[in-house]
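Per-chain residue numbering starts at 1, and chain names A, B, C and D are given in the order in which the chains are listed.
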Amino acid sequence: MHETSAAPAPAAQHHGPPTTFISKHVFSLDHKVIGLQYYGLALVAVFVGMVLSWLMRIHLGWTNAAIPGLQAISPNGAPGGVITPEYYLQLMTMHATLMVFFVLTTAPFAAFGNYFLPIQVGAEDMPFPHFNMMSFWTTLTAFCVLISAFFVSDGPPLSGWTAYAPLSAIGKVAGPGEGMGQVIWATAIGIFCIGQLLGALNFISTVLDMRCKGMTLSRLPITAWAWFITSCMGLTAFAVLMPACILLILDHVAGTSFFIPSGLVINDQLLPHSGGSTLLWQHLFWFFGHPEVYIAIVPGMGIVTHVLVTNMRRPMLSTKALLYSMWALAFLSYMVYGHHMFVSGMNPFSSLVFSFPTLMITIPSTIVVLLWIGSLYGSKLRINSASLFALGFVSMFVSGGVSGFFLAQPSLDIMLHATYFVVGHFHMVMGVAAMFGIFSGTYFWFPKMTGRMMNETLGKTHFWLTFVGTYCIFMPFHYLGMAGNVRRYASFTDDYLQRLIPLHQFITIAALFTGSVQLIFFYNLIYSRFRGPQASANPWEGTSLEWIMPSPPPWNNFGGKDPIVYHDADQYGVRTSTGADYIMQNSPESAVVVRDGD
Amino acid sequence: MQMKHAVIAGLVMLGASALAVAGPSGGTVTGKVTYEGTPAKMKPIDMSKEPSCAKMYATPQLVETVVTGAGNSLENVVVYVSAGAPDEAAPSTAATFTQKGCRYIPHLLAFQVNQELKIINDDQTSHNIHPLPKLNREWNKSQPPGTPPISEKYDKAEFIPVKCNVHPWMHGTFAVLKNSHFAVTADGGSFSLANLPPGKYTITAWHESYGDQSQDVTISGTESKTVNFVFKAKPY
Amino acid sequence: MAKLLAVTIIVIAILSAIPVVMNTWKAPADISTHGHLIDNQMSDTMVEAGVSFLAAQILLAIFIWQFSSPRTDGKVKTFPGGAKGLVIAAIVLVGVEVLALGAFGSKAWAQVYFTPPGVDAMPIQVQAGQFAFYFRYPGPDGKFGPLHPEMINEGNQNLFGLDPEHDVDSRDDIVTAEMAIPVNKEIHLLMHAKDVSHSFYVPALRIHQDFVPGLDLSLHFTATQIGKYEIVCSQLCGLGHYNMRAYLEVMSPQDFDDWQKKQAAAQ
Amino acid sequence: MATTLPPPKPDVGRPPERLEAGHNGNGGFGNLVPADGNLRALQEYSPPPSSSAIWVGIAAISMSFAAFTSALIVRQGSSTDWRHITLPSVLYLSTLLLILSSVTLEIARRRVAAFMSGQETRADVPKRWLYATLSLGVLFMVGQYLAWLQLRSQGLYLATNPNSSFFYLFTALHALHVLGGLAGLVRVTRKFGLSTLRRSTLNATSYYWHFMGVLWLYLFFLLWMKI
């Protein structure tokens, strides 16, 4: 009743229009700018990570090769340009950490999610723009902290991105980088968790509270669902990783013994710790670690579906089935983390207990794949860079997925655990597939984000070389693994590994090639940003709400008035009065469906 | 006491400088380091983990924590002037420490504060040099085959255990000393410290397993004194 | 463009399958009594995974080929049976497949981990430390001396921290850097970690188990082929991880006794 | 088999009050309006309220402390060095204070509601209760600090033994979260003064504060049981 008595108030706004350059591009509250900032961060991180992987690959192919100029960068790490074993492990740790946290988590989830989730639910912004801004700047801080590990005396940690205790907990006696470097690492990851928790909080409440009129849950585009599911996973996963990092830091700086058992001897010295549990870290870490894999891939699934549906000009066979499968994946991902620890000294019985839900995961995954393939049937597939990468994603997801059959079984894990088979598996299903999702999303949404089209020729070239190149890199990993090639080796001195070295050299060449191909993409991004042809509001004839606004969108998305939604985002393959084969979500008109009209 | 030492030190310094001008003369301290009792049996080293090294030896190498010679003589003992002699600037020559066949050559390397230490890897495998100092700065570097020598310095006098993290059996010692009056006993256990200006010195003998012993000796003119050390050997 | 993609996918799928079918890069041949279970399980899984892999890729390629060409009629068709058929197929086929895999796989696993070592199994202690394995045989008295971590001194090769001065049991313990075992004799391996986590991986033996600091685990196995094999560490343990290995010598009982005598003399 | 689209349903979707929230300016779920009925000029732009966010946050925090709990249990199970330590008695007092603060906050909320519906005319009545809650919260923090001093005087430091590690860890982290709650209360009090307080803000803050109480009871019980 008091509203009536209230003076007419201005329309709800999250924040006024940005006035200064700073408020517009730097400390912006606008979810779109924040999304782009995340995307930029991911670009930087992926470039660094890629260069690191090059160094690693060169070392693995030609162990005693001197890399010109490297000594200048790291005198201790590469005396005379030859990478030392510890430097290799440090490169590996940083490569993995950068890629998993700052690329696979930020790009498909934080970057695209920030930009398009509020738009797709028809909101002006997220409910907590300040949290959103903090989320990015916290993540950026985490990134800087992590990179600073390169500049401390002993360099970054060498314990891998899994940072298994006690190697990661006992300090510098464990090896170069395990002192300061490891503390920096744990701090960076802790900070990163805070950033992602803030993000997830915003994402979830955006979907729950900010949907515009008519945008029922059942009408959410699949991408919005993907980001929602991902943020639910992120919320729980990162909330567990942060405590783990806190405990790890305490073991380092406060002399506690959470992860350090009694009676450890290094350099003939008995360590002053006692009673800690080694497996505790592994449990905490993998409880985060496995969902993290799905945090990386589920947004990709959403993006790819979104792109495919738009370019197939037909809806998925069943968006619901797809949705339930993604929920199933998310849910199962918490029950299976133990499959990372089959031979870690867990009770062998629990290994079996963990193996069945792990095998079960293949069911929703198969459903998703079959839905993608089945939906292709009878579609009117449009081939462009975006759809090419989407199709590449499906192919990669299959290739990476089938190796899950093996790793889900404890008995086979005896042969394959910690071999290149595992490396091949997660690089394909989580690394490359997710990257393909990112590429697909970039080619698809670039017009919306910048108001200019990307160069298709460059885009397609980029796809072909990348698609073939990545297969050349990661398929052989599986063969190496089946031959018993252990991962995380700085060089291969064991007799039974000698005959595998040529294969490693092949992979190295493929990696150098595929990596340099990405320069085409970087060039295309920059060139098209400034020189690309103007993009219309809806270049791909999509139905979801991002396409009803001009490209690029104004600061307040829908110009101050919320849209009203009448359909789900699947209205393709129809015939409207205007003869179009799709209906925008906000268009009130109904249409005759002509799917299988004949 | 302190006072006295200081005065002596001062005098010695004067004398030393004078003599330095006069040329290389002065007293000599010679002697022999022996042990009594039964030293522990030196275990053989199994290098099978590193075939490139293992194949260099017909019979397994023995550990070098206690190396004995004929007549109960004790090797790898540093005998040095621990008091009485002035600190000296480091010589320009580098002390070389070689890794060959997964052994340290020499097992015990004595050199001066701030003297250049040159570490060479002669093997086909990658080594790791990890000295464990208490006073000096700790570092831990790997040295892949074919990479340039590592050059380091220590700015405090200390006995530093050295190990290779990759090959657990590789153990050695750096003896970082304040002055040039030192010797490391070789086969026969005998040593000789020459060119000692007149003065009162404390001669110390240090062994990595048996600890150290000291004796005072006063040198006048160019006489030659004999100082012997006897360490107690433990069977385990 | 799309047709090219279809072809590429099929070519890649087939090329990827070839090395597996030809078994170009073999794992070391199995020399254990339980290994064949794992190998069979491996090949069964390979068949099922391979079939699903090829099927999915080829189907994908076919549809891309077939439906990418722009068609004049504005109609899109739906996959016969719609989603229901596919979903049911996925649940039933894959469900049965993975259940079967899981069930058979469990047998192999149980064989390795659920059976106790025989009473006459020969005890050997292995200690993993940065970056080498060392092995301890109880010697004639059949008893392992107690460990005193604070006494470990690699310089004089007291690698386990034994105190022969006070522990009688330790005096005849045999410590070696390579693992010699008699052929066709069950070995009961007692695993102890000196510093950080390591792993005991013998591809030829189809044995793989992490060392857990603060928690001594044990394994048991029987080798059936005389020869020299490699034991490697597969759990990242520091800068020398790549170089952490030991040799496993499977000997005839006679040779093994001689070897043990030789080692005992050398201690 | 041609399927036909469902006819457009423009009216489904948001609950009506969400719609108002979108259109009545700053007043998601109704602003606090003084008895005289004149809404003061809005101080700031702010987004429409999100009522679920607070529960999401609470879920995240619970998850973290669940992780810490499992750490505690595993650590105790694995360890040989677990000695019983007696909890500082001051904790019982601070626990009481925290529970009291929840009660006062509830009263404050009632009063605010009454004030908004005009049954309560004096603005300082709700304010007083808010201040009471604030001060109780501060007192609780002091109590925690005293507990630390007490432990330190027994020579129990962070690294002394696992129990003390967990004690300091839990109390510190909980205190950190309580600080957040205090900040929220301050904000609420301020906004109340400016009469730009939104009911959803008040609710969120009080839910969070009650959760802090529950969380503390849980941790206290855990420490009391395990340590």
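Keep this in mind: a contact is a pair of C-beta atoms (placed from the backbone, for glycine too) under 8 Å apart; a residue touches a chain by one contact, two chains touch by 3 or more.
All values reported here derive from a predicted model rather than from experimental measurement.
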{"item": "Both-way neighbours, i.e. chains that touch subunit D and touch subunit A", "value": "none"}
{"item": "Chain at maximum distance from subunit C, centres defined as averaged CA atoms", "value": "D"}
{"item": "Centre-most chain [mean C-alpha coordinates]", "value": "A"}
{"item": "Pair exhibiting more inter-chain C-beta contacts, B-C or A-B", "value": "B-C"}
{"item": "Inter-chain centre distance, subunit B versus subunit C - centres from mean C-alpha coordinates, in Å", "value": "47"}
{"item": "Cα-centroid distance, subunit A relative to subunit B, in whole angstrom", "value": "56"}
{"item": "Length of the line joining the C-alpha centres of subunit A and subunit C, rounded to whole Å", "value": "30"}
{"item": "Computed distance of Cα centres, subunit D from subunit C, in Å", "value": "50"}
{"item": "For subunit B, residues that touch 2 or more chains besides their own", "value": "125-126, 128, 142, 163, 165-166"}
{"item": "Two or more partner chains touched - positions in subunit A", "value": "84-86, 175-176, 261-262, 276-277, 279, 491, 493, 594-597"}
{"item": "Residue list for subunit D, restricted to those that touch at least two other chains", "value": "78"}
{"item": "All touching chain pairs, where touch follows the definition stated at the start", "value": "A-B, A-C, A-D, B-C"}
{"item": "Contact set on subunit A toward subunit B in their complex", "value": "63-64, 76, 79-80, 82-87, 154, 172, 175-176, 267, 491, 493"}
{"item": "Complex interface listing, subunit B residues touching subunit C", "value": "40, 42-50, 60, 63, 65-66, 125-126, 128, 142, 161, 163, 165-169, 171, 208-209, 235-236"}
{"item": "Complex contacts: residues of subunit C adjacent to subunit A", "value": "1-2, 5, 8-9, 12, 16, 19-20, 24-28, 37-38, 41-42, 45-46, 48-50, 52-53, 56-57, 59-60, 63-64, 66-68, 70-71, 73-79, 82-84, 86-87, 89-91, 94-95, 97-99, 101-102, 105-109, 112-114, 129-130, 149-150, 152-155, 161, 194-197, 199, 201, 203, 206-215, 217, 230, 232-243, 245"}
{"item": "Interface residues, subunit A side, partner subunit C - complex", "value": "84-86, 89, 158-160, 162, 164-167, 170, 174-176, 178, 261-266, 268, 270, 276-279, 312-314, 316-318, 321, 343-345, 348-349, 351-352, 355-356, 359-360, 362-363, 366-367, 369-371, 373-381, 383, 388, 391, 394-395, 398-399, 402-403, 405-406, 408-415, 417-419, 460, 464, 467-468, 471, 475, 479-480, 482-484, 486-496, 499-500, 503, 572-573, 575, 581, 594-598"}
{"item": "Subunit C - residues contacting subunit B, complex", "value": "129-133, 154-157, 159, 163-165, 176-178, 238-240, 243-247, 266-267"}
